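The chains carry the letters A, B and C, assigned in the order they are written, with residues numbered from 1 in each.
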């Protein structure tokens, strides 16, 4: 290969209290498609933002086209030829396609925008990527996939040498992805360096030439795609932390009755219809990569999103899931993966956060008595080891692990029959992680049903009695608890290179 | 919490000191015929309607809302009461009617905001515009004067202290009690701070929002009764004109953010007092009373800048959580 | 926006909701013209009702009077449209109108030449707008509060100049005010109408044919995106308040021609009329959607209702407010339906 167009050496980025990236090296060559892989919190977005000047570097050096650079704003990086297309289309849906492509550098005559020339130029750029739509049409009149392609047209309109695509495919269907890939290949053949972030392994193997894997802010591996098997890729992404945590004692008791049964529950564009049975006193693990549909399953079961097919039975009776309240009344609790946006109420105290669900269920007129609240708070602060042990502290000031424990406690005080935990251990320290795992095991031993979602396979396999595997928004397998991490990993990786496909089908059929 | 109230307290203290310097007898109170008189009493009495409306507004703003229609609602309350009394009705029944009608108007606002999901500022703009028309419809465009000793008590009566002050303080106490003794305060703040988390925790946001708009309308109604009772007349055009702006200012000066979330009733009380004291101060230090508005503008800007989300540090660098796209 | 909606807790997760909402957006272009078309239909309908019911209503002069009586409001609505398109709001316009009439009247009384008065008034209005825009941008205080303070300030400054009404006796102003232009068909209009129409044309030009104007729409559509696209969002966010201030001052000058006096209590509540005209004209208060022409038609609708009610005679003036409130509601509902379908 030639000289890298982007060469990042020893990059570290720090946020208050967090080392988001630690000494990461990254290279990008002209005319290659380079996939950047990693789970949530691995540092993919941070690396991109470090490159485009959104985040300042704590350490390290960036060379662009051989010269050291230090962009301080995305506009600078863009002017230099590094264009970024984000997952959420960052265009103005209320403007026309031509304006979205050219605004800021539109052709002008005496300060007046030359509409005709602008549309002509836009049409040229659209033609370059083979997209034939009316440049004068309003952007929001097009489906999201086309909007994404328009964003790419804008990105390459500046003669970009580097094109960063941050999860551009997460909302596209197969045909749309194919169209996108066709365009990526056109650009690659023109010598553009493409940095591609996605969660879909199929796509990585289809389009990329090289793969860089990050995990927990560190560089794990950089390989030519052809030299990295799926199983190795998944294992690099998910990592293995064997031996770090104490072994959780597996319970010997048999699980009780089926508490919740989902029959053909699904939602178009979110997750394909699936069957699932969760029994009292068992922990069901949900394994899969980000974007595999694992979170969507949880949201459907809780009524946070509405299913458009299938039905849910609780204790054998059909449940009309009109929303979270219906689920809560049926004894289902759900702790979202997005702690900040959908979990904590940051400005309120630990006490208020802890009793929120209980209070919501009682209605405003029947407050949780102060004495009871204090008892509950004291109990759970001790039980879950919430620190600092100050009930009046605003929960936003606690560390991630302790916030997570407060959220766990919020649901435990309502004594649910089924507890759905979506990535309860993400981004928290090892100690807190072990504590949460132990609590989950204890709860199940006391008869609670738990649906446990985690990106860490070790963890899923260790705490679960059964493991459900998700891939590409489908349930692909259901395995017994004594399954090995490697088996699950093979199922998640899918593909043919390890001969696991056969096993998948069998598992699905069973 | 304490920190948030620092600037309003300082502003109020500064205003009071200024008054004492100019008028040494500013703090003196005298008892005459069992009625308490004095500059401080005047401030409290004149500020009573604003305080009432600001209390309702505080809860609305805490849920990320705003209610522009309170001035019009106040006018309607006065109009209904005076028209009914003028037609020979019982003043108690008249006031009851007014409160009931205004509760319905609050339900209407709450319906637009919580059920139809219309932005609060536009949803309440409808009633702000139409409300004065409705008030004039009720009074048939006249200024309806009444002669009812019972009704006069609401705004101009005394029970050692002016009754208007007692009503406002009673409502303040009631709100404080209800929001703290029930879970209403907690749920209002939780909806205001993080609506999606609240929804997932099972909070009935719709009921909460509906409740605060009804409460705001009721506060406005009582304030409207005070205003109209004070002059024993209903003026559909001018009663409660711009009082929604004063109320919003009182809330904001009191440290409750227009972005919703944590609210402070004490802050709102301080805010209302600052606004009223300012008006009085301008008068006592001998500036033309009409110019009060200029001072109001200056105080608003000063207090808001002190509490602005983006602070200016020494050296002029601007800090804030703006600018970093998620 | 000043007060983000809280009631609109969607039944789906935010992400999936917006995604599916967008991907279904195959409705074609006319959608964004729909509210403006609706406004126009309402205008034609109200005017039609008047023509059928009252003799002499459907005359060119009644139509021309609509413009004459509302010239200042048209200019205000133009400025307000800019602000609302970015998702802001300007509550100060009515007070700035009053301040402008006051400055004009007082300066003319003091013997200033008319041209200097005009420049002073326009500069004051623009300066106030600049100051408000700067505070909004720099300190992140909500536009609602800042322009509310601006409203108090401008109204207070009026009283500083004079508490009494000051009449305008300057011959230039009087000539401008009383002068009329004869159009074919015996219809006459005032110079104020011409100025208002020029302002409208200028606004249309700026909004649709300059980078500034397109950035106004971009900021209203998505400020984050606009910034990531490298557009001059700061300049636009402050600039719209300058434009609104300028338009208020210009509207104030027209108003002083109309009233031939400066008075502190002129134009009380006119900001609400301007906002109502913009909303009835089909703009979204959340920004990004709307047209100046819509706002102009919005003003005409409000004017027609007023004319209708004055023609009716038996109907009292307060019906105007109730009808405007109902219209506001109807248009908000219409917008909701369109947005939901998107």
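Worth a mention:
By our rule, a contact is a pair of C-beta atoms (placed from the backbone, for glycine too) under 8 Å apart; a residue touches a chain by one contact, two chains touch by 3 or more.
Bear in mind that the values here come from a model prediction, so they are computed numbers and not experimental data.
If you draw each protein chain as a dot and join the dots that touch, every dot ends up joined to every other dot.
The interface with the greater count of contacting C-beta pairs, when B-C is set against A-C, is B-C. Here the CA centre of chain A is 45 Å from the CA centre of chain C. With centres taken as mean Cα positions, chain C sits 28 Å from chain B.
Counting partner chains per residue, chain B shows two or more touched chains at residues 196, 199, 325. For chain C, residues touching at least two other chains, in rising order: 224, 228. Each of residues 90, 304, 323 in chain A touches at least two other chains. Those residues of chain B lying in contact with chain C across their complex are 61, 63-66, 113-123, 125-137, 140-141, 191-192, 195-196, 199, 205-206, 209, 236, 245, 248-249, 252, 258-260, 288, 290-298, 300-301, 304-305, 308-310, 312, 318, 320, 322-323, 325.
Chain C meets chain B in the complex at residues 1-9, 14, 89, 135, 138-142, 144-146, 148-153, 155-157, 159-160, 163, 224, 227-228, 264, 272, 275-276, 279, 285-286, 316-326, 328-329, 332-333, 336.
Of all the residues in chain C, the ones that touch chain A in their complex are 11-13, 16, 19-20, 22-29, 31-32, 205, 209-211, 214-215, 217-218, 220-222, 224-226, 228-231, 288-289, 342.
By the touch criterion stated above, chain A contacts chain C in their complex at residues 74-75, 78-79, 84, 86, 90-95, 99, 103-104, 106, 108, 111-113, 115, 137-138, 140-145, 147, 154, 171, 269-270, 299, 304-306, 323. Within the complex, the chain A residues that touch chain B are 54, 90, 302, 304, 323-325, 328, 334, 336, 341-348, 352, 356-357, 359-368, 410.
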